[in-house]
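One structure is given below, represented as structure tokens, and several questions about it will come after.
Just so it is clear, A, B, C and D label the chains in written order, and each chain counts residues from 1 on its own.
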Amino acid sequence: MKLTPDEFLICTLADLIGPVRHVAVGAASPIPAAASLLAQAEASSRMDVTILHSRRHNRFTDGGVELFDCAGEGRIDVFFLGGVQIDGEANINLVGTGDYPTVQRRFPGSFGSAYLYFTIPRVILFRADHDRRTLVPKVDFISAPGWSPPEIHRPGGPEVLVTNLAIMRFDRIRHRFSLDSVHPGHSVEEVLDRTGFEMHLPPQVKITSLPEPSRLSLLRDRIAGRLEESYPAFARHAFAQPELA
Amino acid sequence: MAGQTLVAAVILIEGEPPQVIEAATLDDLAGRIAPGSLLAIPADYGGVAMALTRAIIRQRNRGLRLLCVPTSGMQADLLIGAGCVASIETSAVTMGELGRARCFGRAVERGEIVIRDTTCPAVHAGLEAAEKGIPFMPLRGLIGSDVQRYRYDWQIIQNPLATGPDPIVILPAIKPDIAIFHAPAADEEGNIWIGRRRELALMARASKRTLVTVERIRPGSFFEQESTAAGALAGFYIDAVAVAEHGAWPHGLSDLYPPDLPHMQSYVEASKSPEGLLTYLDRFVFEAAAVPA
Amino acid sequence: MKLTPDEFLICTLADLIGPVRHVAVGAASPIPAAASLLAQAEASSRMDVTILHSRRHNRFTDGGVELFDCAGEGRIDVFFLGGVQIDGEANINLVGTGDYPTVQRRFPGSFGSAYLYFTIPRVILFRADHDRRTLVPKVDFISAPGWSPPEIHRPGGPEVLVTNLAIMRFDRIRHRFSLDSVHPGHSVEEVLDRTGFEMHLPPQVKITSLPEPSRLSLLRDRIAGRLEESYPAFARHAFAQPELA
Amino acid sequence: MAGQTLVAAVILIEGEPPQVIEAATLDDLAGRIAPGSLLAIPADYGGVAMALTRAIIRQRNRGLRLLCVPTSGMQADLLIGAGCVASIETSAVTMGELGRARCFGRAVERGEIVIRDTTCPAVHAGLEAAEKGIPFMPLRGLIGSDVQRYRYDWQIIQNPLATGPDPIVILPAIKPDIAIFHAPAADEEGNIWIGRRRELALMARASKRTLVTVERIRPGSFFEQESTAAGALAGFYIDAVAVAEHGAWPHGLSDLYPPDLPHMQSYVEASKSPEGLLTYLDRFVFEAAAVPA
């Protein structure tokens, strides 16, 4: 069965989200958005999905602040963050490379990360490009730190980092990633070779599971179309053609 | 005097305060924005006053200090590319799925504008403090980020109500000189229909002046019915209104029209070089026929 | 021409309000509400009147907090407060008489006074019953103080006290009232005799002016009906019958 | 499994999350309010859940700690008169034009309930702090009032951003256990239409649980159209909904029905003595036929 890389990542993220009360997805995150809608479709009990910048999948009525208020109160369970750079302590950089402020290459900015990384219990870091330019020993700019000293009020933080090669769990005690599973077709060596930071290597590293055909049908038939409002270009190219019935 | 009283009486029969809307022009509105103003602009999903933005550029405004609430896209990028901007406080500037905001990127990389990086809820909190007339708002998170480290106007204090150590950031009120946005409609009283885009209310209430463009001015008052009152913003926060049909173009507006993605894509291409940007400005900003196809 | 005491007070308050940007009226204030609508009807330029607890004369859409936010920002020019007790330093008591908290006689409570008295530039104190039980040397409970030390941020405060007998202006430097005018049919001696606190007596005390017939017509024909939503009982009894045309 | 997926698919075609409303009964809702709860109730102009209040009294709840947002009238008075209340935090309790709240007055004068006097914006600020997950909010005013003097949980600090002396009060977050209110309608997803009564959203968002009574449950979703979305409160803040037609009676509700002033006047008369109040309770609360005429 044909499976696009985006479809695989969507299903992988959906597994990591699991059944929760409320998952929210920020700007420029088509794959997390699709994964959240898939997890919702598969949930057996009520699950809310908020896709910011969407009208249809967004039930906030108090303007842009409501997501942050909700997060501050612990009402959002899962959120996604990425990074131009991510380092081994899970610090993320969304601002640029080189010396701040006149960086070598400027990226959009930190968005809500400097707050949401602290307040949402389970933050899933997602970055499709697993390479040493992205996964660096030390980020050039800390948009949001991966961990905080104990006196800092911080109910939230990183849970896992997902790339096009692997799933790495973040150890909040040791402040380091641990390789959890490698995607089919890739090896532990390849992952380590393309990672710029040190990470823990457990005795057993799993292989990330592939989605069932029925799940792919659900994704293509029911989820893909719902992304068009927010991510029209992504919705056009990310999915394989649905199988004919 | 009797005549004057009669006029008032007629209005009172309707239960309305005096009608106040004078439909200003885009140029009137743009002319009210002094060079160097702290100018609040909404995120792309709000109501972006693009027609007014083009008028601002045509008037060759300079030295604007942009406050993005809490991010921006083409609006900030275009103003920066056109040389109208001295500084920008923002959580992000991005063209979304279409790519990076190139004028913004170039200007920051070359040090041509001052960048004050922030994070979305800090913008909201600063405006909320202004809206309430309090000097600061506390906000969780932030501590240990470089966003916080470079913001010398933010302060970390010990939470006075905590028994143990509990550092927390307090953010000073942000009071923009002017807020501008585009909305679906105004009514005859000058009330604006913003629907659930309540951050537009926050911008208006926090700012010293608010200039609004709308698709149309409809008769009567949104406050005649509870169903329309719920999405309204009272006219007493609004200083001037101009009608600008398709005034958010090439951005979309609420459920009225979608973004013009081919045009925005062509903007992203054009903005990849300063020369391309100038060509874009000539064609779509300085020439009169800058209207959607 | 017949003139009810309420009509006289409404016109007197309307004169004191004058043409302003925005006057707001709180709970249980039918006479200030009528006065504000009258002042609005007579204003030559835009004037907003907000009557809390009214749907028709209230354009707040952010819930109960919006009045206070507006006041904090200086967007409300004039407001009205009353008091079970008011003393010579313009302290007001809306809570009760006797020792707090188990007062002898409990009244509703301070409402927004402890905030609005500080934030709204021109607060008009209004209390129909001018007697020594109300205008006391020292209030039993300070719902809101009449003045504050200079280090306290206080753009607002009392401007004037209006009763059924007189108008007394508050001197914010000397923290005392000064008798400004006495209503027709009453005397300076009567006012002093029925006031429990000391006040300044200037060489000249005016007589409060009576409203013109045209103004009364406006009030009865156009304003009275608009009070029914918020003050049905008041609207029924406060006004003399409109003159027939 | 295939069947389960199909069900999900059907729902997804509609673009809706799973339907969640189960129409609970008033007694279900009342039963969820543990004795001693910190219970947030709206002002008379909001949406007063009077039918639910009567159910609470019938279940002989005790020790409730009322938080009035920011004032109350007959609802607090009735709960106090029925012996359900241990303490009350409020800016005022009043029957408005009809007179004083007699049960409240008696209970305070006799020291039968604990009174925590506050002022309207302090209630809002405390709830806003809870809604935002911040430990406190600053508020201007207050200093030098006896309201502030008796509130040992409020604190005066020096404004950390000021250069000169600038004392300001900070108010701790108020996080009610439960908020209850009555609204015109819920939709099938459990969203509530509150119109411009946004303090109901504040109550729901600040509270741990929120129980709502509505006039009716309508099909579909308020979020299908921007016009109805603007006045909605998302269902994820709501824990249970019960239908209670005329559920605000004898209070009015929005533009749907006016207050029943003759009834409220008769309540004021009855409540002037404890005996009268008991007669009122027997007739209008404990007897089943407690419906508007």
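Simple rule for what comes next: a contact is a pair of C-beta atoms (placed from the backbone, for glycine too) under 8 Å apart; a residue touches a chain by one contact, two chains touch by 3 or more.
On a predicted model such as this, the values are computed, not experimentally measured, just so you know.
*Asks:* Following contacts chain by chain, what is the lowest number of steps it takes to reach subunit C starting at subunit A?
*Replies:* 2
*Asks:* From subunit D, which chain is the farthest off, judged by mean CA positions?
*Replies:* A
*Asks:* Averaged over CA atoms, how far is the centre of subunit C from the centre of subunit D? Could you give it in whole Å?
*Replies:* The mean C-alpha positions of subunit C and subunit D differ by 30 Å.
*Asks:* Quick check: how many Å separate the C-alpha centres of subunit B and subunit D?
*Replies:* 34
*Asks:* Averaged over CA atoms, how far is the centre of subunit A from the centre of subunit D? Could you give it in whole Å?
*Replies:* A distance of 38 Å separates the two centres.
*Asks:* Where in subunit A do residues touch two or more other chains at once?
*Replies:* Within subunit A, residues 55, 60-62, 68, 72, 119 contact more than one other chain.
*Asks:* Where in subunit B do residues touch two or more other chains at once?
*Replies:* 133-134, 139-140, 166, 168, 196, 198, 201, 226, 229-232, 254-255
*Asks:* For each chain, which other chains does it touch, given as pairs?
*Replies:* Pairs satisfying the touch definition: A-B, A-D, B-C, B-D, C-D.
*Asks:* Which part of subunit A faces subunit B closely enough to touch in the complex?
*Replies:* Touching subunit B: residues 27-28, 30, 52-53, 55, 60-65, 68, 72, 94-96, 100-119, 141-145, 148-149, 151-154, 231-234 of subunit A.
*Asks:* So in the complex, the part of subunit A that touches subunit D is made up of which residues?
*Replies:* 21-22, 40-49, 55-56, 59-62, 68-75, 119, 214, 218, 221-223, 226
*Asks:* Quick check: in the complex, which residue numbers of subunit B touch subunit C?
*Replies:* Residue list for subunit B touching subunit C: 1-2, 4-5, 8-9, 11-13, 15, 17-18, 20, 130-134, 191, 198, 201, 205, 223, 226, 229-237.
*Asks:* Help me check something: in the complex, which residues belonging to subunit D touch subunit C?
*Replies:* 43-46, 69-71, 90-94, 96-98, 100-101, 104-105, 108-111, 115, 117-122, 124, 128, 139-150, 164-168, 196-202, 254-255, 261
*Asks:* Can you list the residues on subunit B that touch subunit D in the complex?
*Replies:* 133-140, 155, 157, 159-162, 166, 168, 170, 172, 194-196, 225-232, 254-255
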